[in-house]
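Just below sit the structures, each encoded as structure tokens.
One chain, chain A, appears in both complexes that follow, with chain B as partner in the first and chain C in the second.
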Partner chain A sequence: MYRSQRLALRYFAAAITLFGVMTAAGLLSALYYVDSSLLYNVFDFQMAKILHINTLVIWLLMGFIGAVYWFLPRELGREVVGIWLAEVLFWIFCAAVAVVAVVFIFVQYGSSDQFSMWFINQGRKYVEAPRWAAVGIVAVVLTFVYNVTATAWRARRMTGILWVLILDLVPLSVLYLDAFPQITNMSHDLYWWWWLVHMWVEGTWEVLIGCLMAWSLMELMGTSRRIVEAWLYIEVMMVLGTGILGLGHHYFWIGTPQYWLGIGGFFSALEPLPLLGMVVHAVYDAGTHHMKTTNRPAFYWVLAEAFGNFIGAGVWGFMMTLPQINLYSHGTQWTVSHGHFAFWGAYGCGVIAIIYLVLQQTRKAQNFDSRAWKWSFALLNLGLVGMVGGLLVAGITQAIYERAQGGSTLQAFVVASENQWFQSGMYARVIFGLLFAIGYLVLVYDLLVIGKRAAVAQRTQEASA
Partner chain B sequence: MLVVLTFLTVDSLNVTRAGGIQVPNYDVINQEIGYANDWSRGFEVPVIGASEPLFGRTYSLPEATELMKLGKAVIQSRACMDCHTFFGNGAYYGPDLTKSWLDPAWSQIWMPMTGAATRGDAMVEFLMHPEQYPTWTRQMPNLHLTRAEAQAVVAYLKWMSAVDTNGFPAHFGRIQTQN
Partner chain C sequence: MMPANLVGTAVALGLFVLAGGAYGVLYTASVARSSILLERASYLCYVSQLLIALAVCLVSPLGLLWKLFIATSALAYGFIPPVTWRLLEKMHHQHAQ
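Take a look at the complex of A and B:
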């Protein structure tokens, strides 16, 4: 095993740990909606929310980085260049995440000076991490980019997937620089903030997961490179064609010109198309292999990724993206419903699929199956879909009573939030969130044990034969 | 697509600069602000009215700009966006603050509750001691704002309410909701 692959395993362990923190913080965030006196003035909603969404970003990022460190040496047949630097930065990355989490939990916020921005909390959703930690993330990502490009350079070999990956890492790194500025004008601030949030999540991350899924399908089902690369090129073209100006659906109401209503509405309505391409691709591959695979957990998580991405990001996003609807759905729990479904479908399922794929190879188990993975698969997906459903009901209630009928005042906000449909949705979110959390625990158990017994039995059988 | 986006970005940043077509300059806090239907555009837009000093004084443009810088710094340092939404962006636990300055609740609920003479003073009093003025089960935590910080946030919210947001939120404050 290459050192790069051992580093990948460490990244996966850290990612799954942070997935747990994200789940716990998410459950806590959900509980505030059903008991608003919870931890009042001790640990308020915003801190639980910050922990929830920041660990979401970091666990997925760690999963992606780990996946590339796993596949890269296999793709190029050599150790990753500068791997020692990546190993050192991994530990610095973990330490930085821990320090930021401790500061968020115990210090929470500071006063309105530059010290707060540098060392406590920047207070911009998704990029609350203080600037020193953001500098650390930039260092990790730049090292990652160096590792990938230098390795390809030394190997004197480039593949289509690698070209796409390297070209994707450039905007991925550059856009994160948007995590630093403090802009007084809220319209300008949000304009650039969406470049980071949208272009990362609906642009560079989509391309990155496309590359990772391409490698996964080649290993999982032996799909030919020619086919996965052709699909990857189609998806990338469609993501770039629709996603760049699809950015416009975030520019309807922030003070930007009215032409964004038409541009954003049109291009974001097309955004589901590349995701539909992924579904067609997955069904095609699954069909040609008659649903047969030696790694059922990874295979089913790949399918969940394709369908979850299309439905969660594509269909749920389309549902609220036209300005005529968005005027009422914007800023409600409807958005939260879409956000949960999209992140899970597009990225969460993909990272879990890759981890199962890798574990089969590290444990050298041909019969890679268990009962636990089925339980975790069912509980996590049922929990997620239940949460999404509850949030959708709550969000539609807000769109009707708070936005359309109430005129969005404080009174309208309270009336919608007290509505029985809203409250039922919030209770449903807690219940299904608990199912999701149980699913997470089963997943951790399964990842620790799956394939181990089968591998031992396999080796014993081979020895006796 | 990137070329198109570049052109649109240049134009959008110009339109949304303080003093641009859709975003007023910061000294708009010295004037009355309303929200009324513009029949030519088919939705509500901010209406800038007569002089209305804030906290009993008129701010020059440099003073108003400094006040806004402080207001935005408070909003970021206290992570307001992780409970509330600004122009509908943020978390969704607290109410949207896009047109918060115009909310009738300040004069109907908080001015009598705090004994403040103006909407601005009632907002400052509430922001400094939110636990003393509960109006609903979900309460704002005490984020230990100084008076200067609270005044800066109120000024910031007043400026934000004057931003032309293409009609979002629709019908703000014009419909009396029945509970």
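Take a look at the complex of A and C:
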């Protein structure tokens, strides 16, 4: 095993740990809606939410980085260039995440000055990590870009997937710099901030997971390189063709010119089309292999990724993306419902699939199956669907009573929050959130043990033969 | 937009894409398994999608351009599964050769 692949395993362990922190913080955030006095003035809602969202970004990012460190040496047949630097930065990254989490939990916030921005909270949604940690993330990402490009350069070999990946890493790293400016005009600030949030999530991350899925399909199903690369090019063209200007759906109500209503509505309404193509491709692949594979957990998580992406991003997104609907739905729990479903489908399932794929190879188990993965698969997906269902009911209630009827006043907000449909949706979110948390625990157990017994039995059998 | 229209239109738009997805999945499965039953089910889903698009165009308070857009994309959805299938078949066939 290459050093880079050992580093990948560490990244996966860190990612799964942060997935747990995200789940716990999410469950806590859900509880505030059913008991508003919970931990009042001790650990308020906004801190739990910050922890929930930031760990979401970091666990997925760590999963992606780990996956690239796993696949890259296999792709190029050599060790990653500058791997020692990546190893050092991994520990710095983990320490920084831990320190930021401790600051978020115990210090929480400071006065409105430079010190708070540098050492407590940067104050920009989704990228709240203080400035020193944000600089650290830039260092980690730049090292990662260096590792990938220098390895390809040194290997004197380039593949289609690597081309797409390297080209994608440029905007991936440059767009993060959008976390830094201090713009006092809120419209200007949000205008650029959405470049980071939208272009990462609906642009560069989509391409990145496309590259990772291409490698995964080659290993999981033995699909040929030519086929996955041809499909990757088509997918990238379609995702970027609709996704880049789909950015406009975030510009509807932030003070930007009116033409964004048309541009944003049109391009974001096109976004489900490439997702439909991906679903067709997934069913095609599953059909040609008659649902047979040596790694069922990875296979089913890949299928969940294709369907989850289509339903979460496509169906849930299309419900609320046209400006006439979005006027009432934006900023309600409806958006939260869409965000949960889309993130889980597009990225969460993909990272879990890759981890299962990698574990089969590290444990050298031909019979890679268990009962636990089925339980975790069912609990996590059922929990997630239940949560987004509850949030959808709560969000539609807000859109009707707070926005359409109440005219978005504070009084209307209170009335909507006290509505029994909203309350029921929030209780449902807690119950299904608990189910999701149990699914996470089963997943961790399964990742620790799956394939180990089979591998031992296999070796014993080989030795006796 | 009235509250009832808001919910009705949003749900119809969600169902519109969901019906398109069901059509895609069932169509692909029907060709893979050579199943007439699945093929009919897929066309039923596509007809549902067209009917939803028709309802959105006739009843919803969306503007004329958005209604035209929905109608056009309803037609586009019809082509995506067969075109994608043919493309995948062609790619696999070329690779096999």
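Just so we're on the same page, the second predicted complex is superposed on the first by the 465 of 465 C-alpha atoms of A that agree within 3 Å, B and C clash if a C-alpha of one lies under 4 Å from a C-alpha of the other, contacts with A are read in each partner's own complex, and residues count from 1 in each chain.
Basically, a residue touches a chain if its C-beta (ideal position, glycine included) is under 8 Å from a C-beta of that chain, and two chains touch if they have at least 3 such contacts.
Every value quoted in this text rests on a predicted model; they were computed, and no experiment measured them.
A.B. asks: For A:Ile120, select first, second, both or neither according to whether it touches chain B, chain C, the two together, or no partner.
C.D. replies: The first partner, chain B, only.
A.B. asks: Using the touch definition from the top, say if A:Phe19 reaches chain B (first), chain C (second), both or neither.
C.D. replies: Touch partners of A:Phe19: none, neither chain B nor chain C.
A.B. asks: Could you tell me if A:Thr184 is touching chain B, chain C, both of them or neither one (first, second, both, neither)?
C.D. replies: A:Thr184 sits against chain B, while chain C stays out of touch.
A.B. asks: Once chain A of both complexes is superposed, is A:Tyr328 in touch with chain B (first), chain C (second), both, or neither?
C.D. replies: Both partners, chain B and chain C.
A.B. asks: Where does A:Thr256 make contact in the superposed view: on chain B (first), on chain C (second), on both, or on neither?
C.D. replies: After superposition on chain A, A:Thr256 lies in contact with chain B alone.
A.B. asks: Could you say whether A:Trp301 touches chain B, chain C, both of them, or neither, answering first, second, both or neither?
C.D. replies: neither
A.B. asks: Residues of chain A touched by chain B versus by chain C: which partner has the larger set?
C.D. replies: Answer, by number of touched residues of chain A: B.
A.B. asks: Looking at A:Trp344, would you say it contacts chain B, chain C, both, or neither? Reply first, second, both or neither.
C.D. replies: neither
A.B. asks: Could you look at A:Tyr109 and tell me whether it touches chain B, chain C, both or neither (first, second, both, neither)?
C.D. replies: Once the two structures are laid over each other on A, A:Tyr109 reaches chain B alone.
A.B. asks: Applying the touch criterion given at the start, work out whether A:His281 contacts chain B, chain C, both or neither, answering first, second, both or neither.
C.D. replies: second
A.B. asks: Taking the stated contact definition, name every residue in chain A that is touched by chain B in one complex and by chain C in the other, in rising order.
C.D. replies: In chain A, residues 327-328, 404-405 are touched by chain B and also by chain C.
A.B. asks: Under the touch definition given earlier, write down the residues of chain C that touch chain A in their complex.
C.D. replies: Residues 1-3, 6-7, 9-11, 13-14, 16-18, 20-21, 24-25, 27-29, 32-33, 61-63, 65-66, 69, 73, 76-77, 80-81, 84-85, 87-88, 91-92, 94-95 of chain C touch chain A in their complex.
A.B. asks: Where on chain B does chain A make contact in their complex?
C.D. replies: 1-2, 4-5, 8-9, 11-13, 15-18, 21-23, 41, 65, 68-70, 72-83, 85-93, 95-96, 98-100, 103-105, 131, 135-139, 141-143, 149, 152, 160, 163-175, 177, 179
A.B. asks: Can you tell me which positions in chain A touch chain B when the two form their complex?
C.D. replies: 32-33, 36-37, 40-41, 44-47, 49-50, 109-113, 116-117, 120-125, 128, 182-191, 193, 240-241, 244-245, 247, 250-261, 263, 327-328, 330-333, 335-336, 401, 403-415, 417-418
A.B. asks: Along chain A, where are the residues that touch chain C in the complex?
C.D. replies: For this pair, the touching residues of chain A are 224, 226-227, 230-231, 234, 262, 265-266, 269-270, 272-273, 276-277, 279-281, 283-284, 287-288, 310-311, 314-316, 318-320, 322, 324-325, 327-329, 396, 399-400, 404-405.
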